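Both complexes shown next keep subunit A, but they swap its partner, so subunit B is in the first and subunit C is in the second.
On to the complex of A and B.
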């Protein structure tokens, strides 16, 4: 396999997702397609040649030259600020990818799949959900999605639509619940994680993605509940 | 030269000659691992080096603590593009651990509690280039960061600095470890951006 190269990309669409996040669809001529859960690198170049690179999860998968990202603005983030606040359709950047062969879902695997997302950690997991629905193959899926409030949920309408199909969706709210919400509000604890996920005897494949503290807590809870650590795949956004 | 991105550059970061290409500075200490964090009590911890003859040198935690340790201040560079400058560690040099190892092999597979592996050339481990580190910033190494002990190979991307390290197996060829099988470079020099295959 040869090393991926930087490829020119143009913004085809830029749609607000939440007050601090945007969905970008990039037209990438020659994009080879990607598996659900992979990521790419973005490189931005200023007029004077200054460059910055960051990695982003891909919300789309399969063949085609349109690649979807969903970017949450990081406090003081130079690249995320540009992608969420500045870039417009027609603007140029470069991408390299697809990258990563570990945090991916194989549609040929019939295991039950448990997805656990915190905040913008939904992005690679949404790619898996979309692939599951579009392909009509694979085992049963469950999603546990923790957000600060309903307004902070990326892809909320799409996820609600999935929940009315055969995907089980559990929302968790850490700061504020929507009107009429009967459940508790607060960070997920071991009890909530165990209640909303496949039991260990179902031998699910679990993907956990989000900020470090969230992933640590959720993965610890799954292991404590008896899940095989080797079947709990994690992707941490690094920051606290 | 890449086509420029209209309107980009307003919030650029300070550049620093100590930053390899494509890296940015971070003040906090991000955590990136492929699975749940293993928690290994020091009374169960052991570290071993295995050679081609099957010879196996093993150290318990107490034996590791009895070896001469060094203070190491170094920059670290993650393949996900953050770099942290002037980090402070304490650990035992691999030169100390390899002092009685007889081998003609050139490569090593590093093994971790939890199943992680990474391949490193022996020349990247010896001559004051790597440590088994057990303190960060004067405190015992947190499990999230690989405690009780991790490998520290600061001149390579940080995925080579295996967390929860449990042993080194010498090998004839540079067979790939975990991330190397999943798309990352066999060597991982941040200054030449050896990120991916």
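On to the complex of A and C.
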């Protein structure tokens, strides 16, 4: 496999996801396809030559030249602001990828899979969920998705529709729960993590993605509960 | 034509950098996130994806998650990338 290089990309679709996030589908001629969980680098070049690069997880996987990203606007984030508020279909940028062989799911692995997402950390995990459903192979999946409120959940309708049979979904709300919600509202603690995840004796492969503080807390809770640290893979989006 | 060494216990052969191209290709073509980094300070060994990275537009400081020692720094000058190794004991391809 040759090293990834910068490739021209064009925005094919830009769809609002939440009040502060957008789903972008990029047309990338020659995109070699990607595994579920991989990311890419985006490079934007201003008219004066100023360049900015950021990494974004890919929500899609498999062959094809249409690559889906979902971008959450970061406070004071120049690139995320541009991608969420400004860019329009037809606009050009560059991408480099696919990148990352660590935070990927192998459809040939029959292990149960535990996904733990905080906020926009859902993006690479959704790629894994979609691949699991589309491929019909792989072990059973559980997703624990922590959001501030229902309105802050990216891909909320799609995730609710995916939940059935081999796919279990547990929502956690840190600020406000939807009407009729019987559960607790607040940050995930070890008790909530243990209740919504595979027990250690099932030897799941676990993928935790979200803001740094969320990932540290969730991964620590899983390891303290007896999960093998080598089977708890993490990807931190930064911030607290 | 270079000679083959005399076997596992034979004398070392002195050649040039071209001779290690084949062996290093496996490491240099491996996706960086799965390359195993061994910390020269505390001895911890882990995939690069798990390291602590402090990043801005010009540099990425990569630290050991165990002892916080700087493992290496990646500096970017336009299209060029410079790697400055600080406390790496070894880099190795991931376990099969």
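Here is the rule we go by: the second predicted complex is superposed on the first by the 236 of 240 C-alpha atoms of A that agree within 3 Å, B and C clash if a C-alpha of one lies under 4 Å from a C-alpha of the other, contacts with A are read in each partner's own complex, and residues count from 1 in each chain.
Note that contacts are C-beta pairs under 8 Å (C-beta built on N, C-alpha and C of every residue); 3 or more make two chains touch, one makes a residue touch a chain.
What you see is a predicted model; the values in this text were computed from it and never measured.
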| item | value |
| --- | --- |
| Subunit C versus subunit B on the shared subunit A, clash or fit after superposition | clash |
| Which of subunit B and subunit C A:47 touches, first, second, both or neither | first |
| Partner chain(s) touched by A:86 [first = subunit B, second = subunit C, both, neither] | first |
| Contacts of A:201 with subunit B and subunit C, given as first, second, both or neither | neither |
| Between subunit B and subunit C, more extensive residue contact with subunit A | B |
| Subunit B versus subunit C as contact partner of A:157, first or second or both or neither | neither |
| Partner chain(s) touched by A:100 [first = subunit B, second = subunit C, both, neither] | both |
| Subunit B versus subunit C as contact partner of A:179, first or second or both or neither | neither |
| Superposition clash, subunit B against subunit C - the stretch among 5-13, 59-67, 95-103 or 185-193 that is involved | 185-193 |
| Overlapping contact positions on subunit A, where the subunit C interface meets the subunit B interface | 1, 3, 52, 99-102, 233-234 |
| Complex interface listing, subunit B residues touching subunit A | 1-13, 22, 24, 28, 30-38, 78, 80-82, 114-115, 144, 178-179, 181-183, 196-197 |
| Subunit B contact footprint on subunit A (complex, rising order) | 1-4, 6, 8, 43-55, 76-78, 81-82, 86-88, 91-94, 99-102, 212, 216, 219-220, 222-223, 229-230, 232-234, 236, 238-240 |
| Subunit C residues touching subunit A - in the complex, by the definition given at the top | 29-31, 33-34, 47-50, 57 |
| Contact footprint of subunit C on subunit A as seen in their complex | 1, 3, 52, 99-103, 233-235 |
